[in-house]
Amino acid sequence: MNVLTEVAVEKKLNPMTKESNIKMRGKDVTVHYGEKQALFAVNLDIPERQVTALIGPSGCGKSTFLRCLNRMNDTIDSARVGGNITLDGEDIYDPKIDVVELRARVGMVFQKPNPFPKSIYENVAYGPRIHGLTRNKAELDEVVESSLKKAALWSEVKDRLQESGTGLSGGQQQRLCIARAIAVSPEVILMDEPCSALDPIATAKVEELIDELRANYTIIIVTHSMQQAARVSQRTAMFHLGYLVEEGATDKMFTNPDDKRTQDYITGRFG
Amino acid sequence: MTAVTFPAVVINWGSDEMAARRKRRYAADRRLQIYGMIAIAFALGFLAILIGTLTFTGYRAFTQSVVTFELDLSKAEIDRSDVMGADWRGIVRGALREKVPELPRSSERAYFAMFTSSAQFLVRDQVIRNPALLDGVARFSVPLSDPLDQLAKGQVDRDTPESQRRVTDRQIEFYEQLSAAGAISKPFNWGLFFNSDSRFPELAGLAGAISGSFWALLVCFLISFPIGIAAAIYLEEFAPKNRFTDLIEININNLAAVPSVVFGLLGLAVFLGWFGLPRSVPLVGGMVLALMTLPTIIIVTRASLTSVPSSIREAALGIGASKTEAIFHHILPLSMPTIMTGTIIGLAQALGETAPLLLIGMNAFITSPPAGVLEASTALPTQIYIWADSPERGFVARTSAAILVLLGFLILMNAIAIFLRQRFERRW
Amino acid sequence: MAAYLFGFLALAAIVVSLLGISRARRVRTSQAEKVHSRPIYHGLNAAIWTGVPAFVFLILWLTGQNAIVDMIVMGSYPGADALSGAQRSLVLSEIRQVANGNNFREPSPQILAAVAHLQSLEMLARWAMVALVAALVTVGAFFGLKVIESRYRARHSVERSITIFMLFSSLVAILTTLGIVGSLVYEAAQFFARVPLTEFLFGLRWEPQIALRADQVAGQGAFGAIPVFFGTFVISALAMLVAVPTGILSAIYLTEYSGARFRAVVKPLLEILAGIPTVVYGFFAVLTVAPAVRSLGLTIGVEAAPNSALAAGAVMGVMLIPFISSLSDDAFAAVPRAMRDGSYALGSTKGETIRKVLLPAALPGIVGGVLLALSRAIGETMIVVMAAGLIAKMTLNPFDAVTTVTVQIVTLLIGDSEFDNPKTLAAFALGLMLFIITLGLNLIALRTVRKYREKY
Amino acid sequence: RDQIKIVGSSTVFPYSQAVAEEFANKTGKPAPVVESLGTGGGFKAFCGGVGPDHADITGASRAIKESEVKLCADNGVTDITEALIGYDGLSIAVSRANTTDWDLTEEQIFKALAAELPDGKGGFVANPNKKWSDIDASLPATAIVAFGPPPTSGTRDAFVELVMHDGCKDLPGMADLKKADEDKWTEVCSRMRQDGPFVEAGENDNLIVQRLESDPNSVGIFGYSFLYENSDKLKGIKVNDVEPNFDTIADGSYPVARPLFFYVKNAHRDVIPGMKEFLEEYVSEAALGPDGYLAERGLTPLADDKRAEVQKAVLEGKKFGS
Amino acid sequence: MNVLTEVAVEKKLNPMTKESNIKMRGKDVTVHYGEKQALFAVNLDIPERQVTALIGPSGCGKSTFLRCLNRMNDTIDSARVGGNITLDGEDIYDPKIDVVELRARVGMVFQKPNPFPKSIYENVAYGPRIHGLTRNKAELDEVVESSLKKAALWSEVKDRLQESGTGLSGGQQQRLCIARAIAVSPEVILMDEPCSALDPIATAKVEELIDELRANYTIIIVTHSMQQAARVSQRTAMFHLGYLVEEGATDKMFTNPDDKRTQDYITGRFG
């Protein structure tokens, strides 16, 4: 974070964060959907316990990249992923890897809030339950409570834990999904435009949460809003038409970007 | 592009011409609406006529005229160790004879023919069930025979010549006498539900057919429901998408169009021929019906699985659920309402299906309800088929009544399913 | 006995799964290392090992036992070799009756000996069965419990079992088809050995009044299938003529014009039409609709047959209404709201929106429903058996009587029949043809639906 | 198997049903299972072999044929007993709403329903008769509409044999044809017309009854018991001046009557519980007698001496053919 | 809130554009969806032949207001509209008003492109045909051609007019919908986030088009992108939580807004 002056290419070769601090690393990541190539040789390091923002115009491959990181692309028949992605130095596309375990370690909050049509409690308890993280009901209650608290939702729902998760407002649903994701204590949290459905107040709350979570988790967030990226992230990566255009410390990206496209995008010349 | 200049076209929307045009368009709109109403009225009207006709011909079968008489069995010298072997015919006839004092010998035959020929067995069975009756005077009711039942229900025109009706003038006299004495009543015909089939309309009931249908449908459900769902899940979620799965899909759709009688042939060849299962049993009937029902359930289940938003699947997978867990914890419960609708339609068809059951012998004459899936029995539709082909007049009304009972069975089944479906239904 | 064993299996599986769960729990608490699967999976896995092999074994044993016991009994029955098959089965039957305590006449000493043999064998078989099942259960339970340790992937194992069950289930549908095609082809081949394929495919006369038995009196028999398929076509066409407009118009009204409450009531009512037994429709067609058609014919000056195609077709059409209305309803509902909005925003009326935008957009779904209904119309049996004629006639006059493939199949198969007679075999040939035709229809249906699906 | 299994003719079916029920009521034994497969189908099942998988008794609306005896013998069913239980009239009936006093000769029936009629010159023409009055001016001028049994039923066989052949044989030239070309004779005399007036109405006789009601100008062909039950709505058509009723059928003066039988597989008598009692019941006076319950259901009973003979044969298990 | 109302009232009394130039006017427009109120007494004038941009955070009621202007809310069962909206001084919620005519005069382009599943030609010809705007095929051809030309799509599709409209790319579909809307020669065009689905190049084309259309049509555009609002509109209205917060000339709104919330929103403090 201290040395911000080096050029982007160099940065990739000599990441300014220490090797030990790299949580995930994508090397020459390519993605094809059938014939169509959606990502072109993306190289990106995700530093531990920091917030990395992915920005770029619609359709540039941000979500695609995010979904590579916990192999959610496996669920799309036409998607083929190339290159190499590691989590703590381990190749996550290794056939020997247990996807279920991977996804437990790399949690995801989706672009659209998607709570299960079950009670609020069950929504949060589901993850700990299938992973057997708790021994008894009391422990489970505790996990649910603390997750909801972290997601800044506890005060609003503590009296209605048995009501359906789908009956919450959009912003509450979004935070419920966040609570659900952190209940499994993942090491990395992927958030795809977590505020797209949110009003200003809820947005502020989520941003506050991200800021807090950063102390314990590695966070990657996709956002369409430059303002948001500027507010919450330490590092920013700019995508365009499937290419990683530029990445670096957020301060620098927003004040003095190297790439003309980044400059144009941030100042609203397109997008 | 900037070179193109756009002249503003001004349209006078309020002109008479435009207004007239709009009027015509609105008229066309109304016509379409009316056609729709006519179509629905036609379909519902048909349903109403159908049920109306059935009710009109069938309601009479829901009552049965009976004669009630008193019998002092303590005087009858019955050997209590052999109640079965007593002279029940004599005992019952004696009691009936008392109803008409001075019954001439020449009219005895006509007189006793007024009551169901099984009267003595009915009384006997009642006593065997309740031996306390042996100790004193008790009242018994036995049905009138079919022609007299028709008379009691006003179905016999007394003005027709005696030779053209099944009741003689003498019997009408007796009937009037009995009825004046208050011995004849028309209570609700519980026998329709609790008796089994009989050659005699006044005794014939649906207990055998209802339990046969119940067992067959149970077998059908137990086979087709899990297998249909499992097959659908496999094809939709696990099988690779290729030509071969396309073929299976076409094939399953095609199975839905195979005439039901062909399924009967298959059952005849495979279940009876190869496996050597007995004829006429609900187990085989259920298995044949299950083969027919499977395609419906598979098709509907696949459709409902695809309609669960992928976001739910992703949510589960994103937390680290395995594919099987995601399906069984989330997707299947959510598709359950639709699956149940499909199951209902499939079972409704199975319930009303006749042709395949004819081939495996479920149209036999069986006078006791089956105690399980391996005992010979009929089913409701085949019972309807048999009754409809019986000469006795009483069976005409009973056939319609049986159809109404079948529809009741259907509606009950639907109601249960709709109730369960509502319990499964979740607000999004 | 068998029922107890099945009960025992279920009980054993439950007990073992509980044991497995507690064992897995202990493993989890005693080891620091992360456990792969939750205890419930270890339990389920142990239960599968315990129950499934024994279950399959028990089923096989029960199907085979009697035949084997009989064989052994007869093997030691004096003079059994000299007996014909019929006599053997008679003797066996007597032995079994006597063994069950049903004596009609004084049994011969041989029979009594055989009865004793049978009873001892059955006792033996029973104990052998119990012992083997118990052994299988024990081994399975032992194995299922033994594999429990922290890195054992019990979840994978359970999921594999489930997948195998699902694979087996989808095979059932395929086996059904194979069974149908197999039996049809086998019998149809025999038919074509007697009646030339060309006559069947192109012949214009269908009169299967061929003598059933050598000494029965009847006509010559002609097996040209075209009139029969023609009749099927006429009746199906009439049915579709009733069902398609009624179904689509009802769907239009329900989705676009009516209120939600009206729809909630009327839709299930319409669906009852699909659940009414077809025998009932058959009666209705014969007793109510056919006479009405005759008098209609009289008033417009057309001579109507008592078995008019119109009566059968119209009633069948009513039965098919819900197929088309429900599926069209779904198809209309599936047209994205954006299509409607797009049309309304241009200033079109409801009617225009329905006819010009929704109908084309929903066409694949509607076509799918119509084709399903058509398949049903072609395959429908009971209505036509009761309401359509038996005489094959090439006519397009709806007031005339025609016959259909399914009527012929049922008439040829039910009633007096002899299975090596062209008359009976013809039923299979007709069935096969019908199968091929509906397969073609479904192929077209799938293509059509694929072609238009997800285009908007 | 602990209950008796009966298959066979749909015509005998109701009588077997009645006996089965009475038997079960009286003895408290499980009621026999009775299945209606048609006469031919019944023999096929019956002759399939011995043993619990095969039927014990089959009903027949005609005597067993040579071919069927052979089939039985081939499958080891060599010892069977035949029992003639009575007669069944094949009635031709119309609705009572029809005012004509119908009296047809067999020849007129043939002319109304045959596919082809002799043209008088040694050849044949397709049946040109559309109205009854086309056949004979004294008959009503209404269209010929006859509902009858399909070719797969024994009733149809009986009708063809008893009415059509009789009506056919006296037509000009037919006697010669019979001598010259028996096959051709059989074909001409057996074929029912296919052009509309004769309607093959399926196996369901009640359906025919109800159709006659709704269409008073049509005639129907079905078992006498249906006419008997519906005598307030239908009237029998006289054939050759004879009206169908129990008396005319029993004494043979009504020409369209046929005998009804059942056949017992004697090998099963000692194997299937209740066979003996059942057979006793079937041939008892209470069932078969003139006032028996089978007569009540429409069976035309046998003469007394004939009946005694049958009772004896059945109870003793008289072997068929000996 | 008091201040806000005052500002709004003042503005209405002294509209920036002359009275004769007001094409549409909303007075105290309120909308309820069932119980929920989505718009609160909105007063907004739409000047003729100008582009008015509606901005504001997600869920603030922009689309709802837009749909009031051509009564598309009629198609939503639960929606109830209050207040008064006029087109050329005529109340469009008057029961005597012919909705079909109204919608022909006030065209709409939706947030998501929604071409009919028909040929490109039929898509454009649909409107003129139902309204009987042309007398013969030649005239219709001309209308189709000129509409496609105006929507800057002609050159790309002139050789494939008979192909399905749904086979076009997202941006082309959006322009097809614009062509379809202008083929009826409406007086007002409502555009709901017309560029949300578009990539930068397509966005640029649509913006150019809007600029040209302004010569003849009155245009109202909803956008989430401040940059876009700044680029294409002459006037801007800012919505928040169902209230119209502020409206005025775009230049002024983006440089010197009166309301704190507008300021915050534009500078990315929230949203």
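Order as written gives the chain letters A, B, C, D and E; numbering starts at 1 within each chain.
Throughout what follows, a residue touches a chain if its C-beta (ideal position, glycine included) is under 8 Å from a C-beta of that chain, and two chains touch if they have at least 3 such contacts.
Listed by chain with UniProt protein names: A, E = Phosphate transport system ATP-binding protein; B = Phosphate transport system permease protein PstA; C = Phosphate transport system permease protein.
Worth saying up front: this structure is predicted, and the values here are computed from it rather than measured.
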Item to check | Smallest number of contact steps required from chain D to reach chain E | outcome: 2
Next on the checklist: Along the graph of touching chains, what's the shortest path length in steps from chain B to chain C?
Outcome noted: 1
Item to check | chain D and chain C - chains in contact with each | outcome: B
Checklist entry - What chain lies closest to the overall centre, CA atoms only? => result C
Item to check | From chain E, the most remote chain by mean C-alpha position | outcome: D
Item to check | Pair of chains joined by the greatest number of C-beta pairs in contact | outcome: B-C
Checklist entry - Approximately how many whole Å separate the CA-defined centres of chain B and chain D? => result 32
Item to check | Distance from chain E to chain C - Cα centre to Cα centre, in angstrom | outcome: 56
Item to check | chain A and chain C: spacing of chain centres that average the CA atoms, whole Å | outcome: 50
Item to check | Whole-Å gap separating chain B and chain E, where each centre is the average of the chain's CA atoms | outcome: 59
Checklist outcome for this item: Residues of chain B that touch two or more other chains sit at 25-26, 322, 388
Checklist outcome for this item: Two or more other chains are touched by the chain D residues 53, 203-204, 207
Next on the checklist: Two-or-more-chain contact residues of chain C, please, as numbers and ranges.
Outcome noted: 155, 283, 349, 352, 385, 414
Next on the checklist: For a test of understanding, state which residues of chain C touch chain D in their complex under the given definition.
Outcome noted: 84-87, 89-90, 92-94, 96-97, 100, 102, 104-105, 207-209, 212-220, 283, 286-287, 290-291, 294, 303, 305-307, 385-386, 389-391, 393, 400-401, 411-412, 414-418
Checklist entry - Of all residues in chain A, which touch chain B in the complex? => result 70, 72, 75, 77, 100-105, 107-108, 110, 112, 114-118, 126-127, 130-131, 164, 166-167, 177, 180-181, 184
Next on the checklist: Per the contact definition, I'd like the list of chain E residues that touch chain B in the complex.
Outcome noted: 98, 100-101, 104-105, 130-133, 149-150, 152, 185, 208, 212-213, 215-216
Next on the checklist: For the complex, give me every residue of chain D touching chain C.
Outcome noted: 2, 38-41, 44, 49-53, 65-68, 75-77, 115, 143, 145, 147, 150-154, 157, 160-161, 165, 186-187, 189-192, 194-196, 199-204, 207, 210-211, 214-215, 218, 267, 269-273, 275-276
Checklist outcome for this item: Within the complex, chain B is touched by chain C residues 63, 155, 159, 162-163, 165-170, 172-174, 176-177, 179-180, 183-184, 245-247, 249-250, 252-254, 257, 266, 268-280, 283-284, 288, 318, 321, 325, 349-352, 354-355, 372, 375-376, 378-382, 385, 405-406, 409-410, 413-414, 428, 431, 434-435, 438-439, 441-443, 445-446
